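Sending over a structure as structure tokens; questions will come in a sec.
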Amino acid sequence: MEKVKTAKKEKQPKYRLVEMSDGTLRVRSAWAYAYILPAMALLLLFTLYPLVMVLRTAFYQKYIYITNTGTGFGMSSFIWVLKDPTFWMACKNTLILLLIALPITLVIALGAALLINSIKKLQGFFQTVYFLPYVTSTIAIGMAFLWLFHSDYGYINYFLEFLGIPPQKWLTDPDLMIVTLSIFSIWNGLAFKILLFLAGLQKINKQVYQAARIDGASPAKTLFRITLPLLSPTIWMVILVSVIYVARTFNEVYAMFVSYAGGAAGTGNAAITIMYYIYWMFYDQGKVNYAAAAAILFLIVIILITVVQRVVSKKFVHYV
Amino acid sequence: MSKKNANDRQIRDSGSITLTAVKYVVLTIGALVMMFPFIWMLLTSLKTLPEAISIPPQWMPSDPQWVNYEYSWNLVPFGMFFRNTIWVGILSVVVTLVLSILGAYAFSIYSFPGHNLCFYLFMLTMMVPNEILIIQNYVTCSKLGMLDSFSGIVLPTVANGFYIFMLQEYFLQTPPSLFKAAKVDGCSNLKYLIKVVIPMNVNAIVTVAILTFITAWNSFMWPLIVTMSDEHTLLSVGLLRFRQASSSNLHNQMAAACIVLIPMVVFYIIFHKKIMEGVASGGTKG
Amino acid sequence: MEVRVNNLTKRFGKTTAVDQINITFQDGKLTGLLGPSGCGKSTTLYMIAGLESATEGQIIFGDQDVTTWMPEKRNIGLVFQNYALYPHMTLRENIAFPLSNMKDPETGKKYTRQKRNEMVEEIAKLVQIENMLDRKPGQLSGGQQQRVAIARALVKKPDVLLLDEPLSNLDARLRMEMRTEIRRIQQESKVTTIFVTHDQEEAMSITDEIVLMKHGVVQQIADPHEMYLNPSNDFVASFMGNPPISYVDVQVKDGFAVLDNGMKLPYHTDYCGAAKMGIRPEAWAVGGDIGVKLTDVEMRGQDQVVSFALGKNRIRAILNAEEYVRSGQEIGLRLLEKRCYLFHPETGVRL
């Protein structure tokens, strides 16, 4: 080595490699901002900014939508919403969907998934059929249900008459409307849950079942001691996803009970949900600050539910 | 190993045949319940009005009334709604993919000040229901002149934290040694994304594309609010316009609903494997 | 309990996985089902367990035909390749699970909690996991999970213990340790054991008897010594031993085996004619009149493996480590005839 040449400093790289604590290699470079900029810009404009604005609007005492100006900060919008019987009706209906319709959906979906998973032939066929409602438009399929529930021409009343039950006014009787909405929601919500349960069941190691057979466990015991405990993370995840989803029920209400854009959710608003209440306040009633207050209340509840779920899942859903 | 030979002397399993039969019967009844609205809709769309509303029900149309479809197709501009919906679907998929892939890549490859803050901001979009933002987004769109336009329908919905989160999880699974090798080979970061990360995660990306397309195709609340003219109306909203325009002509309504449903059903039948895989992996990843 | 299979056959569609095999697994012995992957050994095991149905033939436990019995009626223990422990249960619950499904043969009623615990502790002591019974399988190493799986299989005092490649998921050091453990546990519990493996060394080191299979057909049934020293065909000879046996094509006559190039190896036999001659690597020793040129020398420590050409065949031999030889060197070797075997040139059957 006669001449040790100092390598001419070519282009100095604009980044530095960093080894993270978990062994992954990260690049330290300002280019990262360029990659997240497009998504971040839309996020700021259409999620974060409106969130702040909705919060602001909710605290206005008077608000003029066209000019986007309001006067007087205070809790009056919240108080008004909390005193509005329609809001409480929306809460009640949403709770019925959450506490009655959703558990029914989950049980049926779990049963269907277990059945499909236990058969050998036509598994794919049944899976495909049961999943169809997920991909089809709720509005379109709602039109079919609208007519099936029709008090004069509907097949459901015809079928009930067959069983000796007098025809019901499914779509106009304020006491029955939430039942109708629940039935439609159950039918509409099954597909997604069956699919997720099946995916969870198929992830369970088949040899564990063989081991259970060798160990002499009866089918019922296998279900309760092996399958359900092993499926519990999936069950919990499905509950997590669907609670938020059901709390946001809107399309089903619109499809079944709303006759024109912005109209009330059926006779006396009896089928209203929280989400529909927000929309209705905003779009039809034009009381934007009330809609915003309802939205904030809704958001608080959603965040509370999420936090509770996090805590519960940390406490109870851990194995392996 | 699962193919059973017909000649096999089956291991005696008392009552298993009846049990299996019961399972199939229950599943078939369930399948009929799930399919019934679709079948009824299809049959009704081919009936005359008296046939459609007759009690006791007349199940089969005596003479298929294809004219119902012609009438419905022309009552509101369904052709235009179709074009709009497909266009919005494609636009949503493309924009969502670009944003999510770039974002997920940044979070999985780069380290930069504010990395975690930005990440949590995206997580926030997963918690905040989009619907409560419509109040303000309507104002924003009107200020930006995006009311009643495709960009107005698409842009507020595409910055999706869930897809960024999901893709990031997949991207992180790319072995770090691969990245080191690419660096040794003098591969730029953008090239690494295009040549290595994207091809290696095609499955996850297709999943995002499918989920986005289905969501866009069936989206309802926001398009309902943000669009007015037929030129920008999507199928689901258009169907409601039809419902108002057609008063209570059951047979025509069902023909219109079928017009909206059949393309999605065909799409589903063709891609059902991929769609179900996608929804399952998307759902379970969350 | 003695286990016999008669003409046992399994077909999947058109392929025959197991073809008319007849084996007797002796009472209280550890029998290895050995063979390359896809030879039907696992299928055989699963048929014995009742998790696969037999296409033809019989499976007999003692004097009872169990061919169509449900697995849970056969009173067997099965250890799976990936252990298949119940991940949500503690070790205690895992091991007690089989007991919770059966009746106490003494009282005819369900096991009492106390009795169950005693049995679990006893078996846990046997497999040496008694101090971790309240952990869950996810917190254990592979070797420990293996012990739990064996405990779960043994706790109900099965008539037959079946092990499906139980060591294949362990690293090399643990595998050595666990195989002696399995031997010890088997000898202490004296249960008839069938052990599936693809590793000939594993099979030879711990089993009482080996059943070697290929393409669903039993090649030879013998104890490890017999199987190694007296192979019934060239497949058996090739499969057993490492480094493997080497072959040369020869003409045998007048006390010599003659290679294609005219080279003569001493071999005394009544047979006369063409043959495939298998030579175990340890048949060679330094100091003789067979001159060869070494092409490769691998030092292994306790001995060394050398390669050389004999005619057009490549031969591997194990030499004493003290002989200092180098690649390229020409040396004289002698051959131990009793470690050489003649096989039929077409069928491979031992002559």
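Here the chain labels run A, B and C in written order, and each chain numbers its own residues starting at 1.
Basically, a contact is a pair of C-beta atoms (placed from the backbone, for glycine too) under 8 Å apart; a residue touches a chain by one contact, two chains touch by 3 or more.
Values in this document were obtained by computation on a predicted structure and should not be read as measured data.
Placing every chain at the mean of its C-alpha atoms, the farthest one from chain B is found to be C. For the pairs A-C and A-B, the count of C-beta pairs in contact is higher at A-B. Chain C has its Cα centroid 54 Å from the Cα centroid of chain B. Chain geometry summary: the mean Cα position of chain A and that of chain C are 55 Å apart.
Between the Cα centres of chain A and chain B there is a gap of 14 Å. Touching of two or more other chains is recorded for residues 70-71 of chain C. Among the residues of chain B, none is found touching two or more other chains. Residue ranges of chain C in contact with chain A, taken from their complex: 49, 51, 70-72, 76-78, 80-82, 84-89, 97-98, 101-102, 136-138, 152-153, 156.
Against chain C, the residues of chain A that register as touching in their complex are 205, 207-208, 210-218, 221, 225-226, 229-230, 232, 319-320.
Residues 15, 17-18, 20, 23-33, 35-36, 38-40, 42-43, 45-51, 53-54, 57, 65, 68, 112, 115-116, 118-120, 122, 126-141, 143-145, 147-148, 152-153, 155, 158, 187, 190-192, 195-196, 198-200, 234, 237-238, 241, 244, 247-248, 250-251, 254, 259-261, 275, 278-279, 282-283, 288, 291-292, 295-296, 298-299, 302-303, 306 of chain A are the ones touching chain B in the complex. Across the interface of their complex, chain A is touched by residues 2, 20, 23-24, 26-27, 30-31, 33-35, 37-38, 40-41, 44, 52-53, 55-57, 98-100, 102-103, 105-107, 109-112, 115, 118, 121-122, 124-125, 127-129, 131-137, 139-140, 155-159, 161, 164, 172, 176, 179-180, 183, 189, 214, 217-218, 220-221, 224-225, 235-236, 239-240, 243-244, 250, 253-254, 256-257, 260-261, 264-265, 267-269, 272, 275-276, 279-281, 283-284, 286 of chain B.
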